[in-house]
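Order of writing sets the labels: A, B, C, D and E. Residues in every chain begin at 1.
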Amino acid sequence: MLLDSLVMIALAYIFGFLYYGLYRNISARVHGRFGPSLAQSFFDSIKLFLKENSTNFGWMFYAGPIIMMTGAITTLLFIPYLNGSEHLIGLSQYGNLILVLYLMVLGPLGNAMGIGSNGNPFGIMGITRGLTRLIGLELPFYIAAIGLMIANQSADIGVIMTNQSEGCNAFTHPLLFIGAFISFLGFMGKSPFDVVGAPQEVYSGPATEFSGKFFAIALSQSAIFSFAKLLLMVNLFLGGAEGLVELVAKTFALFLVAVLVGNVYARFTTIQSVEFLVRVPTGIALVGLLFV
Amino acid sequence: MFNFAMTPLGNLFFGLTLIVFASLLLIKNERRDLPLYVLLFASLGVIFYASDLITLFVGWEIMSWSSYFIIAKSARIETLQKYIIFNLAAGFALLGAIVLIVAFAGTTLYGEIDFGKVPEALHVPITLLLFVTIAIKSGIMPFHYWVVDTYEESDHIFSAILSAIISKAGIFLFIVIFSQIIGYRYLHGSLFDVLAWLGVITSIAATFKAISQEEFKRLLAYSSIAQIGYIVTVLALLEGSGIEAGLYHTIIHTLVKLLLFVNIASIIYITGKTKFSQLGNLLYDYPILFVLLLIGIIALAGMPPLGGFNSKFLIYTALLEEKKALLLVAVMFSSASAFLYCYKLIYGIYLGQASGDKEGYRELPVGFYIPQFIAAIILVVLGILPSLGIVPLNPILDSLGFEVSSYGSLFELHTAFASFNGGVLMGLFGVVFALILWLVTSVKSKAVMARDRYDISYCGETPDPQNNLHYGYGIGEELRRISFIGVILANSTAAYWEHISKLSSDSSLMLKKLYSLGTQYVGLFVLLFFTILLFLGVR
Amino acid sequence: MIEFLKKHYEIVEKGSRLYKLQIESDKLVEILSYISINSNFITLSQIACTDWIEDEVFSLNYILTTKERDKNLMVEVRIGRVHCSLPTLLTLYPQAQVMERDLHEMYGINFRGNDTLYDFALENWNEIPPLRREFDTLAYVNEHFDFRIGREDNKDVKVEVKRRKAQAKELKDGK
Amino acid sequence: MENNDNQLIKIYHGPQHPGITGNMSMELDLLGETIKEARTHVGYLHRGFEKLIERRTIIQAFTIVCRICVPEPDPNEENFARAVEGLAGIEISQRAKYIRVMVLEMARLAAQMLWMGGQSGSIGLGVVGQWSVYDRDLILDLFEELTGGRVYHMYIYPGGVRRELPNGFLEKLAQLLDYLERRLLDYDGIFFENSTFKKRAIGVGVVNRDEALKNGYVGQVLRGCGIERDVRRDNPYLVYDKLDFEIPTYEGCDVYSRALVRRGEMVESIKILRQVIAQMPSEGAIMQKLPKHRKFKLPKEDIFVATESARGEFGYYMAGDGSEFIRRMQVKGPSLIHGFTLLENLLIDEELSNVALIMNSLGICPPEMER
Amino acid sequence: MSENTQEGFVDQQKVLNNEEYSIKNTQSIIQKAVDWFRARSMFVLAYGTGCGAIEMPPIFTSRYDIERLGVIGVATPRQADILIVSGYCSYKTLKRVIRSYEQMNEPKYLIGLGSCTINGGMYWDSYNTIKKLDEYLPVDMYVNGCMPRPEALIEGFVKLQDNIRNAKSEAGYIQYRENNAFYRANQEKIFGKNTIPTFEENFAGMNQ
């Protein structure tokens, strides 16, 4: 079970950085330029790890990114990779969907403790924006999750995944899928909802004081965490994957849509994003809930 | 005349009271009025172990009055008036319900009461009267007017007792009367749905009000209203899983509020300040208090590794079983927005920049730490062994006639919908944390301490200490701009109650005028009164 | 509209759309408010100050523009160079606040009534206001900074050219 | 407003910040993320232009003048040239006037492209910045061919222009204009009609319309409030009176209408350039005979000239004193008023996330504020 | 001419001429790999200090696209490796540049654009701009030109990457840390005693 988890973490790390490299290349092509090599984000995080010194603001600031990374890895390990195979399931038989939904918030909240302790006003403003946006983001995603749990009469991700053998949830519950996907965009931090660390507004928000190895952890955490969220969406709505190839294909398809939407829209303010999230995706998901 | 019985439900509630009172009495507090606390403790014992309605009511009245005198020591007149008016109203509503039940059921003993004898017409008024009592005591929305001011202005230690135990009296009453005395077959489901929705609306409104508070005691008061709102919602399902979730959350909430209120009391004791905007950066001066508050808010927000998640999990699965999707959406929404006030509580006091200079702080006596350690340890243990909380609940469910929930080992928590393993979760969290901590410390890059608190990247400028850099006040500010939250924050029920109090004072003035007309009219009134009574009696 | 003003003051016509008017410094606010109310020169576009050190005088030109932004009127005021102070125009034009701040810092003119004359472009500057003619910027630079070695400066160009020609010829003879 | 009990937090939208146009800083007092008081700080780019001009002859001052405003140097050169010509009484040939108008309009197009990059970058739309800076580079290539310099051209000199047009230049310019016209439709799709940009820009940074003229606002701020003012038509210089072009105005007074005004101006600039290519006289000396720079004396006169730059009216006051050195040259750019009185009022009770948006829409360029 | 500018600790003249100046060609294998990663991914601080900043958008956008070399812009000095002083530097800006430079984490590099950072350039006689940037901060790479073209800027980056990869020149930050007194003396000459927060304690731990 230990080896299984280590392989899962390694896969998530590699895929996370590969997708992030692809993201930078795809948006470069949209911009009309070549863009960096695929492994550029990998190089960035290694270089940041190798920096000679990094600024520390006390033990709580030191623990912040570590809790964030722990939250990301624990979320990842509670989501099974494959549909119906005993490999790469990590610890998902000990957890369920409600636990994963709450674990997704644990990492950022732990990180918020670290950022709060360094005393930088921009850091705390980014955190407050994140938590305010969370109010809007959680609603449609929870409604979709509740709809699936009631439809499948179980909160276990494995069960929800296997029940989609005849038609994946994206087609049987389309409205739930649309609501969840819009809030998934927000979770992935793509505009129009990337208000948390907007450099033009809040001087790079929570990551203002991250230097050297702390910034490296933040980058690798966001790689693993975005892969975990992609995995969750694929398992819940696209019927999970039999083999690794199908897994990569489905996660990359979702990721591509998120990237292209992100490239086309400007950024909302925090208030506008909550107003939008509480009206449009929540309305769609609520209507979808009626048909569950 | 007073008879008591040892019931598992009574044991649970009395056990919690014991924990709270024992740990709080260890705090050396000069203005201790011990006799009143003992009287309060006794009255709670009477309520929990009463086996007939009269003793229940007597215990209830003593509780209200003894806490009234304790609060009177430090609260303003208006707050006291609010407290006593509402609690008296609760007492009278309870008395009315008891009178109606006893009048028809014949006996006052729990065992022999057969609710069948009570005529159909009276069922709804009895439940409504009981709703009023429960709503007032647990601060459901329209009747929460007295809660926040009382918690804020009463003595810091007593507000911990108020929020941890006395607010649970309504919950105890709910279970005892509805499931034990009346029994679920006589209850109207629709009325309880209304109560459930009232509970959820209370928790949502209280959560957003809590975020926008400026003093931390008021924030905690609103937060306890919100949490009890969940319990009332889940109990109103009138199901075994509902009762189990409600009781589990009662245990968690008592421990969490004990921990948080005592932590806040120690901060007020040290600094003498009560506002977020006056404090900040106490993290490295009082690290133990910080870690304890951290455990408290993780449990309050219901985050996975600690016990708080178990009760949230049970509440969600209970609502899922009953297919109450909209209700569950509202509960999840309010618990998602609870993260903001949890973070504001810990940021405003411990993190961020110090606002103002930090001298003139008193030394904290050790007594303040004990209750916090007790509560924190229990919460952590509950996180590792979730089913440890189920152990005391099973006999209660069995005594109320519901099927007992089975659990494999103490590590798992099973419900119809799903199960999870607390031990694996906490273990995984610890292992991964240690792994990454080792990775980060072993890397060549040396972590150099920042020069001073103001060596922050500040757009190239140098921050000067006179300007305030503490964001304590600003965290809830932005919510006013969001339309639906702004509506909640803007109007409050205060105006509604002022209107009622004006109405009642006008009518009493009119009565006084009538009364002072002269004695010859007195006879007329007496005659009028008896004729009405006669007329009622005949029918 | 300009004829109406010509009746009251002697206005010189400098270009097809540029007029000039010379007034005393103590009647400044009164005339400017009269002009901005009665004529259509309602906006203050710029306050330009020139330092005539040989006549011992600062000449400030308040450049007004019409509502249609087609004609400019330069209202000139002359004040002494030593204790120079003028009434502020904040009551007439809010944008004057910044311009007065600039001139206060650059020339040391004190604008009575404008209490927000804190520093505009220079930070802890303790020399004399830089745009006054008596402040020599080259002397200040030579005193505070050192130039890189090998950067000969403002040598006479002709001497340099002659030296280089001689050097080239000598090289050619040598080869 | 003093810090009532530490409720306000002070931050700097400082010199080192990805959300500002150039090197200036805003000192903001925030209640939550609502700005309660804003103060502009400049002086980071102060080089003491006007002091240096007093020590330089005309040709030496000419090289330094175009460095005043970085995104759009040509209106400064043209203003300086016209002021010196006004003082010295030089009359330039018709062909030189047409070339100058061509250079000014090309510079305006390049500046609007750069503005689009800044405006969209302030709300996270990176794509528009990438495209518009690329298109601006095509214009800079033409400038390089014409004047030898990409951004600082040092081409318009008192008495005319310094170099003859390279052959085939006008055809290249015509091709570029066709390409840019097609390109504007793409920008409509990605930027001007972008639903989230509209949601962010409409009703934000609303300028008070009836005090706009009195407070001396210029350029897009006026035209964004429906007031039709443009120095090229109201106080025409060079050959603008012979060219016909409209002045685009929109009624919204907010960021979105200022953006649409700029879009209209790009269309007008392309139209003007096409007329200039058509009407360019083929003969005429591009440079008048001028005395040697040590003997180029200016009379003891003063003059005020104004030109319309991409962000508003640029005013030059110049005074000569009989010697070959200019006695005084004072520059007043559009951002001096927009950056202080207007910006500090617009930001009161505004959200922190709109600071970069409003600053870009007013086209604030710090070097011209403190020179 | 004050004496401490004569024998600058690393002869700035050599850095100016970009001569082959390899003081430590003896890189160990690990150090070579570390330097390879450092050269492969560089974060530039988003700070347009002077008029050269107008040439930064073209190199970060689609025409010249410096992201191919692994260079991206970041917002805060903590995350940045490279600080570009793009053109002349007035008193006020120099104070902020020094604070940003000191807040960056080592290894950090400084690129000076334009002739204004080399010898004052066009504003040699201005009272408010500094004449030699390397008196106040160690400069790793000069890019000449009165506002260097984008191609020159990219050439500067490539040359700096080459220097880092093969340790061709001693990095400026080591000088700044070891002989901080030299730089602080110059800074205090124009700023006066206590206007910028002192630097020593921050890296006191590093020196011994």
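A few comments on the model shown:
Note that contacts are C-beta pairs under 8 Å (C-beta built on N, C-alpha and C of every residue); 3 or more make two chains touch, one makes a residue touch a chain.
On a predicted model such as this, the values are computed, not experimentally measured, just so you know.
Contact with subunit B and subunit D alike is made by A, E. Separation of subunit B from subunit E in touch steps, taking the shortest path, is 1. Seen from the C-alpha centroid of subunit D, the farthest chain centroid is that of B.
Of all chains present, the one whose mean CA position sits nearest the global mean of protein CA atoms is A. The count of contacting C-beta pairs peaks for the chain pair A-B.
Distance between Cα centroids is largest for the pairing of subunit E with B. Taking each chain's centre as the mean of its C-alpha atoms, subunit C lies 36 Å from subunit E. Here the CA centre of subunit A is 43 Å from the CA centre of subunit D.
Subunit A and subunit B have CA centres that are 34 Å apart.
Counting partners per residue, subunit C has 121-123, 130, 135, 137-138 as the residues that reach two or more other chains. Multi-chain contact residues, meaning those touching two or more other chains, occur in subunit E at positions 46-47, 61-63, 75-78, 92, 96, 100, 103, 125-128, 206.
Counting partner chains per residue, subunit B shows two or more touched chains at residues 446, 448-450, 455, 457-461, 469, 471, 474-475, 478, 481. Of all possible chain pairs, the ones that touch are A-B, A-D, A-E, B-D, B-E, C-D, C-E, D-E. Against subunit E, the residues of subunit B that register as touching in their complex are 446, 448-451, 454-455, 457, 460-462. The touching residues of subunit A, counted against subunit D in their complex, run 27, 30-33, 121-122, 125, 128-129, 191-192, 194-195, 198-204, 263-272. Interface residues of subunit C, counted against subunit D in their complex, comprise 14-15, 17-18, 42-46, 48-52, 61, 63, 65, 67-72, 74, 93-95, 97-99, 102, 106, 119-123, 130-131, 133, 135, 137-138. Against subunit B, the residues of subunit A that register as touching in their complex are 49-58, 60, 62, 65-67, 69-70, 73-74, 77, 91, 94-99, 102-103, 105-106, 109, 112-113, 116-121, 124-125, 127-128, 131-132, 134-135, 138-139, 142-143, 146-147, 149-150, 153-156, 203, 208-209, 212-213, 217, 270-271, 274-275, 278, 286, 289, 292. Contacts from subunit B toward subunit A in the complex involve residues 281, 283-284, 290, 294, 301-305, 309, 312-313, 316-317, 320, 323, 325-326, 328-329, 332-333, 336-337, 339-340, 343, 346-347, 350-353, 417-421, 424-425, 428-429, 432-433, 436-437, 440, 443-450, 453, 455-459, 469, 471, 474-475, 478-479, 481-484.
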